[in-house]
Structure formats: structure tokens, C-alpha cells
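Written below as C-alpha cells is the structure these notes are about.
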Amino acid sequence: MIEAVVMPGPHQPLEVRQFAEPRLEAGAILLRTLGSEVCGTDVHLWHGQLAGVPYPIIPGHVSVGQVAAIGGQAADVDGRPLAVGDIVTFLDVYGSCGRCWYCTVAQASTRCPQRRVYGITLPAEEGLLGGWGQYIYLRPGVHVVAVPPELPWTTLLAAGCGLPTALHAVERADVRFGDVVVIQGSGPVGLSAAILAQLQGAGQVVVVGGPTLRLNMAEQLGADAVVDIATTDAAERIDIIHELTNGRGADVTIEATGVASAVPEGMRLTRDAGRYVVVGQYTNAGDVSFNPHLDLNQKHLDVRGCWGSDVGHVYRAVRVLARYHTRFPWANFVSGHYSLAQAQQALEDVAAQRVVKALIIPQSDPPERIGDAERAIQE
Amino acid sequence: MIEAVVMPGPHQPLEVRQFAEPRLEAGAILLRTLGSEVCGTDVHLWHGQLAGVPYPIIPGHVSVGQVAAIGGQAADVDGRPLAVGDIVTFLDVYGSCGRCWYCTVAQASTRCPQRRVYGITLPAEEGLLGGWGQYIYLRPGVHVVAVPPELPWTTLLAAGCGLPTALHAVERADVRFGDVVVIQGSGPVGLSAAILAQLQGAGQVVVVGGPTLRLNMAEQLGADAVVDIATTDAAERIDIIHELTNGRGADVTIEATGVASAVPEGMRLTRDAGRYVVVGQYTNAGDVSFNPHLDLNQKHLDVRGCWGSDVGHVYRAVRVLARYHTRFPWANFVSGHYSLAQAQQALEDVAAQRVVKALIIPQSDPPERIGDAERAIQE
Amino acid sequence: MIEAVVMPGPHQPLEVRQFAEPRLEAGAILLRTLGSEVCGTDVHLWHGQLAGVPYPIIPGHVSVGQVAAIGGQAADVDGRPLAVGDIVTFLDVYGSCGRCWYCTVAQASTRCPQRRVYGITLPAEEGLLGGWGQYIYLRPGVHVVAVPPELPWTTLLAAGCGLPTALHAVERADVRFGDVVVIQGSGPVGLSAAILAQLQGAGQVVVVGGPTLRLNMAEQLGADAVVDIATTDAAERIDIIHELTNGRGADVTIEATGVASAVPEGMRLTRDAGRYVVVGQYTNAGDVSFNPHLDLNQKHLDVRGCWGSDVGHVYRAVRVLARYHTRFPWANFVSGHYSLAQAQQALEDVAAQRVVKALIIPQSDPPERIGDAERAIQE
Amino acid sequence: MIEAVVMPGPHQPLEVRQFAEPRLEAGAILLRTLGSEVCGTDVHLWHGQLAGVPYPIIPGHVSVGQVAAIGGQAADVDGRPLAVGDIVTFLDVYGSCGRCWYCTVAQASTRCPQRRVYGITLPAEEGLLGGWGQYIYLRPGVHVVAVPPELPWTTLLAAGCGLPTALHAVERADVRFGDVVVIQGSGPVGLSAAILAQLQGAGQVVVVGGPTLRLNMAEQLGADAVVDIATTDAAERIDIIHELTNGRGADVTIEATGVASAVPEGMRLTRDAGRYVVVGQYTNAGDVSFNPHLDLNQKHLDVRGCWGSDVGHVYRAVRVLARYHTRFPWANFVSGHYSLAQAQQALEDVAAQRVVKALIIPQSDPPERIGDAERAIQE
């Protein structure tokens, strides 16, 4: 039998349940889970803030595992055949179809209506379709990305879902060399955006957020300045940004807060003809008001909503991590490792912001890299 | 002496005043006015709704004239030397500097702080710096565009400032072949946008506006459907657009209304991952509220404020008019010609929407085309 | 039994052969062919100029048919369920996978290695996988686009594969309002490009090609000027274009010739900082030389190869045709209808440029529009 | 009297000549030269390889100086008033007009026909219009960029003209996160491009060039791999890049070699649907041949010529240097400092590739930073 954590419903305690070992369809993959992320979305799930979730579910939408079995043949995104023992991650979004009107004509694959998400919108009764278990069942067609040997998988999980989300947002922001980039929010998405802005040649990166612990981390990651929302109001923050930018405002602002009032504030933090990407309004946090003349039309502002991420973002995120993880300490995002039995605690620690991010580690002694993994498999 | 209409201040009656013939600086041009547009902006000026206007002013920001004198040498945007008798238009925006941070680094020339606008932000005490007079003084450096011989100048004025504004907005909308384009507003900007959407290969063009007179004109211009705001509410309009678009909403929506509540409505008229250009919020019409999650982030929407126009837009507008004015009846936008003495009446007719657009024609018998103009000059 | 034309191999006479009625897999569709295009690619096929063709094949890559049977359920690109009697076209490219590295990470679906093409790269021994037969078998997953009721299907075939190809090229050309667009080549791709340039608001459209018949057609389609390659050499053509463009050259040039020497010539026809799209080098026509300093680097030129088309291009092409086919006489591209037995003649007439395009019409009396089709089905 | 180095004509020995102290026009600036770059373009000048050079000239197109006098008032690109003692650089391109058709309609300012270049196209008889002298005369309108206090001006000169050129090329390359970027050429432009590719989040940076000294520097700057052109032929290089890229080729290739045959090779180094920027063909190095079908059209390749740089590139280059000069050792590009009297030696050392780059330092003891400068002024 296989153990996995189940979230029975909103506000109900997590449980470790037993699952039968699945039979593999052609093209399916069984992953032995090395680790799975616990992030703010899991807190949203537990609070019942997301619509259409088919509880009970096995949470865990970003995970790394080792291929334990393959239903015939399967390949990674690069087209390389997978083999037992490979360490891989996968796109949590299962079923972005590549065929519908949104995927083909509109080329807006993150709005594909076929999308189902591991750990979020797939019910536990359909199987091991979330990362907080000993094994994960990858249905045929799930996009798999190999973890490069030089990249510790724990670092990949530390970056977690925040990195491809931030990567999508920063791509959409069209940062130009030397731009001033303001990030609203210092959670995992905001912190990754602060790194990625530097990997776009930004001239100045300012993180607006809190609490102090996270702002300190922003500075460690290279932010040129931080602004604490606990000690400033919106008008003061706009003044601060204008002082830093010769009176103009940020060339690019990226919202990663989840707070509705951050949006009109972000418009005002941005210079005329700048770009403002809104990626943090993942759940409905209510309405806000703004002034279409002053905040948008006269400013000649670009405001860009940014939803989800897709296989390209995950693939590129892995490439970026492999190349730059020794320069930027993504690994520090994680402040705690938890066993399956400790999942409830992990969730509560994330909810209370006692940690930036937590990992569920189902195995007692997982290998750190592929070399280790191969030895482990052989033993 | 030269006669010109002066607007002494908000809500004050227009007056025809006498001006001395100006002496020409090097590079300056004196135009004998053939005609000048009366548009909604002039009504805003008269109502005192624009900030920073140095009353008294000579209104008239889009005009056509015949070169009467040149201070030495001057050339049009194409670099061709100008000669007395040439029929030309010019960029109302004088002084977009091409040198400041906004013009060079940000490449956002319509946000150049040096911009001054003929007929709007240049005081009458500085001279003939508006179109509603017998002559217009073009300061050195004003961008001049020759009116091609095949294009009647009255048609150019009928299109007026609405055309380059709409052209800027439609450029910014990235219309793709076959797209459904919804235009909010049926004034001069909206009507030109409805034409230009067809000149981008739109698959369907829907105009939402009023009153009936203007919606009829929209249909004459090729709109596939019109929606009357007098007989529908916002929810109904959203339903109508969804019915026309397989439930998805418009690929592109262009706002040209001046009404703040049109902006959140426009977000909802647009499909997921579509583009929404806001060009009609030229004056401050108050705040509105929207939902950042539903209307922007989850929609993966692009919202693009669009301010003003620049020499490229005017140049391209003249090219488009010259090529397509026989196919699309821009000339019909004008419903009345007025002398200088009738300027007050023209303003009131536009304000009351009794006409789509009015022209001030200072000369009693202006030539229609260059051939006529040359004969007139020779006589 | 079902009749279809088979091309046994290069330079071998076409034959009409009998095929058994296929059994439908789940999601497959059987189309009763209304018509199928004969185009230059078919001549290339017959001359053996394309690599990797699994002769014998059933030619015909752009076709229109009526749904005769469905293997369970199937939907068109818009997601609407298909029904027997619907008139549809389909993407000749079968299997652009939407999943591989090129489709997802690079977003270059026309370079997807999985692509197979109806009428070109699918062997006759696998079934009715080309358009020159009484029926066409659409494998599960073939992208189907419904033909709108207002669009005669013969017009869609007249536009044929040239239209989505040209649409892809013109999209890639970023034509701006008022631009001068030069088209090299007056075959089906070039002629459609000449129309589409007008549907991008081009200020001037010049077609360089021949013979006279086709240049006349270019003028009927709205070209502002034509240049006959039979009576000019490259230097003269460059002079002509410079005279038409104030000495600068074309803002945009689109190559659709198939002649290698057209490429350096096209670079020189284009202005500094212009865009040059190369879409006509579909087969290997040899090497050419150019000067990287003068023709590319100092010119600050953009040169854009453009390969194939995808479902979005076909979808948009159908939208554009439905909206604009009464304005631009695409229907005139076709100069001959041929039965299955006359396919050899059709091929030779196209090869000899006796016709711009030919259609294979397998049924003796096909309906022109859906209303007729429904009646025909009912009878 | 003021001393400056004069290049009397191609292949003639440099001379130090005396110039009278200039009188300042309104808006002009007199700079006390701190240093000026010697780069490959100066070698081209000396070899007579550039057309239209009005010998004799004062060479030196990228320089840093201290404001010694101002003709009334002048401001930097940010709009901040300049003061005596400020350390600044300036755009060598004087007169990019911001007003002509290329600057406004085409938005291709590096093709502005008004451009004149300090140190290249301005004759010595018109004054101190090059950097290799004790003072430089900045005509009114020359774009000035302040050197930030944290940036040593010697580092700015070490980056020199290669950095804004590379920045322009890399901007035009649209590098995406994780992309494989191949740089052809290991001179100053290529080396800066190798840094900037990392500042765009490239996943892998490969430099193809030589000699060993420069390839070693490329590795110090962070290149993941280097390929020596002295020990490989074109076919081998293509094989190497394919091996590094899963058989696909580079996502982005940037040419910075000056060798014509590099261009078709670069097309083949790049993957299907990739981007290839050609920036190194600054002088006419002859014709080359390529295959339009295989190298361009079927590849769906983007080839982008890239000419010169403009004020935005210089401004952004200064921002990037200020932020990242401690991470990437641009300062190491300089291997020699030379007095005015040693200019001939500097030129010959650069020509012989004995140094990557040389600096002319006219003052015996120039200050390193603004604080020092102020003290020097006060003393």
C-alpha cells in the first residue's frame, strides 16, 4: 500500500490514507516522491478559497520524484526517453490541451478550459494525483522535465510554483536593461520576481512588502531597496518610489500580493508609459476603485493580468535554476522539512508565515542528486 | 490685419479678434487656413474641463492650410522642401522634443513633458497658434505633412483629430486577422476605430454607443453590428457580445467614450487573454471600481492606456486616408461648415451632438485640391 | 467503393483507384468531398521536388467536404459539436502535436517534428488521406473549421492553401498603417498577400511578378502598381521601388516567388530598418550571395523566414474570407473545375500556368452553401 | 592652448596638435577629458575602411570627462541640470535628430541621416570634436549621461562603445529565460554580449572566437563554453553547438565578428524558429552565399541586422554598468593606459590584438570618482 496525505475538505484536519498501487496506462509514469512543496495555494485550499476543488484531494502541485515505473515508453519535454531512476519534475497543470481555440488560435494556453491541476483540481478518489504522498501517478501526457544533475532537487522545490509564476510575470513585463523594477509582495512569487528582474538586467530592484524576515531575504537576494508595508501607507510608498526614480515612478511594477488595494497603488507606483503586471490576485479579494483618466489613460499605462504558468515556464524555470542557483540563494526559501504525518503542521506554519516555504519529504532518506539516486536504486 | 476666433475663457462667448501679420522666424511657416476642425475637445475647452489651458486661446488643433510664406526654408516630414501654395496639415502637438528621457529612453513621445498643443495650450497673446483664424503661424520645428493631391482636404478635416487618435489606439490593440473587435463609443474616435479595425482585417466589428444617428453612421462605415446604450444596460451588453462571440467575448475592445464606467464594462466585454485599449478617458470623469481577480488577473487581460498621438500617427493617418477615403466615407463625419463668425454656433452644435463634427472655413471660397489651390494662388 | 486519384510517383500519370469505405475510429470523421485544390505544391509533388513523400499518395491538401459520418463525437476548433451535413474544411497538417518542445517551449508549431500533411506526406496505403477523392478520412485530432454559411466553399478553395500561408507571412511582416508593401511574386500566395496587405491598412501595395495575366489580376485585387519581371531586371526594379517610395524602399517586402535570386533583391527593395518576410522558398532552389554589411547590418534590416501554417492561420483565414470575400475577388483565382478523371489535366494546366488555380470537384452536382447542402442531404 | 591627437589621414602617423580654447555657444559644454577609448573602429579609421570620414579628425568616440564650462545651461538625459565638476559621458552620435522620417515615423533612429559621430565623422577643423584631447567640445544638443558615483569612469571606458552596441544587439535578440545563446566573436562587442546574455537569464552562453587570451576572458566573464575558431572549421562548430543543444542549435545567436562568412555559419548554428542578430558587419567584408530554403525559409529563422546605438542604449548601458560592474569584470577589458603622445602606440597595440582595449588618458593624474573629482576641482 502507498501512503498519501488527504485534505478531506476545507478546514478539516489532514489525514494520511492508504492507496493501492496503481496499474499504469500506456504512457503513464509512477514517481517515487522525493519532495513536494507546501505553499500559499495549499493554505487557500484548506481555507476553501478556491472554487471548483473536488475534495477530498491529495495536495501538492509542485513535486520532484524519481521514476519508479513507466507504462511502456515516455519522454520528457526535450523528447528524451525517460528511464527508471531519473529525477524529474512535472507540470502540475495536466491537460492544457494544445488543441482548443485558446491553445491554438488565441495562443493563451493558461486559459485552456481543459486544464486540471495536480494537487488542486483532481480528486483523491481518482488516484495519486497530488504530491504529498509516497508516490505520484503521472497520467499519460503530463509534461515531464528532467532535473539536471547539477541542480539539487530541494532547490527546485524551494523555488517551487512561485518561480514559474514569477517567470511568466517577468516575461510579460518586458523588463529592459537598466529599468527600475518595483515588486509588490515579498512572498515566494515576489522574491523570485526580485531575482528574475536582476536576470533581466534591471538597474534597480525595489521590493515592497513584509514582514521584516522576508524583506531581509529580499535584500539577501539582491534587492537594492525594500519598503515595509507595516510602517508606510500607500501615499508614502508612492513618494518613496518617486524619490528613487527621479520623480518618474518605476519602469516596471509587478504585483504579487493577493491584496486588491495593491492594484491601484501599483498603477501609481509605475511611471507614465510603464508596464504593470498583476499576477498576485489569484483569489477574489474584492473590488477596488481607480481613476481611468489619471491611473491608466493619461499615464499611457500597460496593465497586464498574468494567469498561471505552462510547460514553457516550468521548462525555462528549471534552466534558470540550473544555471543561476549558486548565485541566488533560492534554497533559503525553505525553512522546514516535514514528513507526511507532519503535513498539518507544515500547512499551519506556512499559513502563519512562520516559514517562507515548507517541503513534504515522504521518504526517510531521499538522495540529493542523480548520482545518489542511482546508487539508492541499485541498493 | 488677420482675423481669428478667440475663446476668452471657459463658458465665455467666442469672439473674432484682429491680429497683426506675424514676422516669420527662420524655419517658421505662415499658413492660409483652408479649414479647421471643431471637435469634442473644443467643447471640453469651453467647459473648462482641461487643466493648464492658458486662456484666452485661439482654438483649432487640426487644420489644413496653404503655405503662404516661409521663413527661409522648411521641409515636410518626408524631407521634401515646402513651397508657397502647398496644401499641408501639421501636428497640433508642437514641441514633442525628440530629446528628453521620455522621447529617447522610454520611447513614449506622447508623454514628453515639452509638448504644447496648437489650439489648446498656446495662448492667443503669443500669436496665431490655433486653427480658427484666417492664418496660422507654424513655429520652427512644427511637423508638417503634405496633403496628397488625391485627398480632398475637407476629408482630412472630417477625419480630424479622431483619426490619428484612433490609429494610435488600434495600433496599440494588436488586432489580428479575423479578430472580433468591439468599439465602445460612436463619436469621431470610435467611428474611425471602426473603420481602422476593418483595415486590420477584423472578422467582426461591433460598435456600442449612441445616439441612433451615429450608430447608423457606424453601420454605413461597415460595422457588422451596433448596440445602443440607450436601450441596454451593461449586463445586457455583455450578454450580447458573448452571444456574438461563441461565449468568449471580444478579442479586442477599444474604449472611446469618456465615461468612466465604460472601463470595467469593457474589461468584461473582452475575452480571456484579449486586449483592451482605453483611449477615451481624455478628461477626469471620476473613479470606478473593478475586481482585480475576475476582471484582470484570472482573465490574463491586457489593458492598455493610450495617450495622444504623435507625428507618426498623423503621417500614417494621411497615408491611410489618401489610400482608403473613397472606400470608407470619412467625409460624412462632417455635418456642417461654419465661418469664423459662426464659430460659437459650431461649438454649440457639436456640444449638443447635433452634428458629428463641424468645420471652421475662414475663406469664402477655398480650393478643394492642390490643382485648384495653385490656380487660386496664381489668380 | 470510393474513388480517389492516386499519384503513384514522380512523373507518373495519375490514376483513379478504388478504396474500401473506412471504418471510423473514435473521433474520426468521414467527409464527402465537395472540392479540393490543385496548387503549385502538387506540381512540386509530381516533379519529385519535395523530400520524404511516401508515394503513392492521394494528393489534395486543402479541401472542403460535408460531414458524412462521425466516429462518435467530434468538434470544430471553436469547440462546437459537428453534425452530419456540416460543411467544413480542415487543417492539412495533421499531428502538429501541441506537446513537444517546438510546440510548447519554442511556440513554433510549424516546426513541430510530428507534422504530417494530408495530400503530401501520408501514403495512400493508409487510406483516404488526401482531398482528390470522393471521400476524405479525417483521423482523430485533425483540426476542423466550419465553413460559415455566408461563405461559398468554392471561394474558400479558390483562396486555398495560399491564403493561410500568405496570412502567416503578412502577420509576421508587422505591416503598419500606411506602409508601402512590395510583394515579390504573383502566384496564389503573392496575390493573397496583396489583398491582406490592404487588410492591414497598407498605404501602397506593389506586386512584382508575371506573367501579364497574373499582374492584371493583382491590379483587379487592388494593387496600386505592378512591375513585370519579364521586362525589367533587378536593378531596374530597385529603381522603380525607390521612385515610388521617396528614395527609401519598401517598408515591408514579402517574397513569394520560389526563385532564390529574389531574396537578395528583396533585401535591396526594402528600406533601412524595414521588414522582409521570405515565404516562397518552399523548395531548395539553390544558393545565392548577398552582402552582409550593405544588405543586412548597415540596413538594420529584419529578415524573417516563414514556414507553413497552422490551425490559427486557417481559422483566421476562414474568418477573413467570410468577412471580406465580397470585397476582394478571391473567387477569380480559380480558372477551372475538373472531375477526378480530369486530375491529370488539372495538374498540367497549373504546371503550365494556364490557370492560376484549379479545383477537383468529385461530385457531379455539389451544393454551393450549407442551405443547399442540407437539402441535398435530406433528399 | 589645448592639446589633442589628430589623425591626418589613413595610414598617416598620428600627431598631437594645439587647439585654441573654444568659445561656448548657448547649451554647449566643455569637458575636461578624463579618458577616451581606443577600439577597433579607430583601427578601421586608420586603415581607411570607413566611408565619408572628413580627415583630419580627432579620434575618440567614447569618452568620459568632467564638466569644465557650460554655455549657460545644459541638462543630462534625465533632465537634471549639469554643473561644473560633474563627471559625464555622452552619446558619440551627435545630431540623431529626433525629427526626421526615420526618427519619428519609422522609429529607427540609428538610421537617421543627420547623424554625425564624435571622433569619426566630424573634422578637426571644426574643433575639439573627438575624445583624444585634453578637452572635448560638446555642441548644443549632444546627449549627456551622468556617470553615477558608484561607477568608476575607467570601467565605463573599459566597456566602451562595445557595451551599448552589444546592448542594442541583445535587446534585439529577444533572449528568453533559459535560452541557449551563442556569441560569434570575442572582441569587446562579443564579450559584452556574453555578459548581457547572462543578464537576460540565458541558460547557456557559448562564445565562438579567438585568440585564446580572449576566450579565457570569455570564461572569466561567465561563458559556459568557448569554441576556438583557430582549431575548428565551420562544420565542426555546427556539430559542437548541436551537441550542446540537444541537436537543435542555439535559441539565439549574435554575430560580432566582422567576417562575412560568419553570417551563413551563424544561421546554421541557430535552431529552427530562433533569432540571429548580425551586429558585427560594421564594414564591408565582401559577399557570401547562403541557401534561402534551408538556412532561412524552412528554418523559419529571424535574421536581424543591428546598426549602431542611440541615446537609450548608452543610458541603459550606464545603468547596467552601475548595477553590475562589480559582478562582471568589464574593467579587465582594458589592458593599457596611454598618454596623448602614446596614441600611436595604443592604436597599434589594439590593431595587433596585443590588448583587448586601450585608453587614452590625457591628464597626468585624473580622479577616479566624483568625490575625488570634486576635491581636484576645489584644489
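To keep things simple, chains are lettered A, B, C and D as they appear, and every chain counts its residues starting from 1.
Everything below uses one rule, namely that a contact is a pair of C-beta atoms (placed from the backbone, for glycine too) under 8 Å apart; a residue touches a chain by one contact, two chains touch by 3 or more.
Note that the structure is a prediction, hence the values are computed from the model and not measured.
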{"item": "Chain whose average C-alpha position is farthest from chain C's own", "value": "D"}
{"item": "Chain A-chain D separation of Cα centroids, rounded to whole Å", "value": "39"}
{"item": "Separation of chain A from chain B, taking each centre as the mean of its C-alpha atoms, in whole Å", "value": "45"}
{"item": "Per-residue overlap in chain C, given as positions that touch at least 2 other chains", "value": "78-79, 101, 315-316"}
{"item": "Category of the chain touch graph - line, ring, star, complete, other", "value": "complete"}
{"item": "Complex interface listing, chain D residues touching chain B", "value": "77-79, 97-101, 103-105, 107, 141, 143, 310-312, 315-316"}
{"item": "For the chain B and chain A complex, residues of the former touching the latter", "value": "101-102, 106, 108, 110-111, 248, 251, 260, 263, 271-273, 278-294, 296-308"}
{"item": "Of all residues in chain C, those that touch chain B in their complex", "value": "78-80, 167, 170-171, 176-178, 196, 198-204, 224, 246, 315-320, 322-324"}
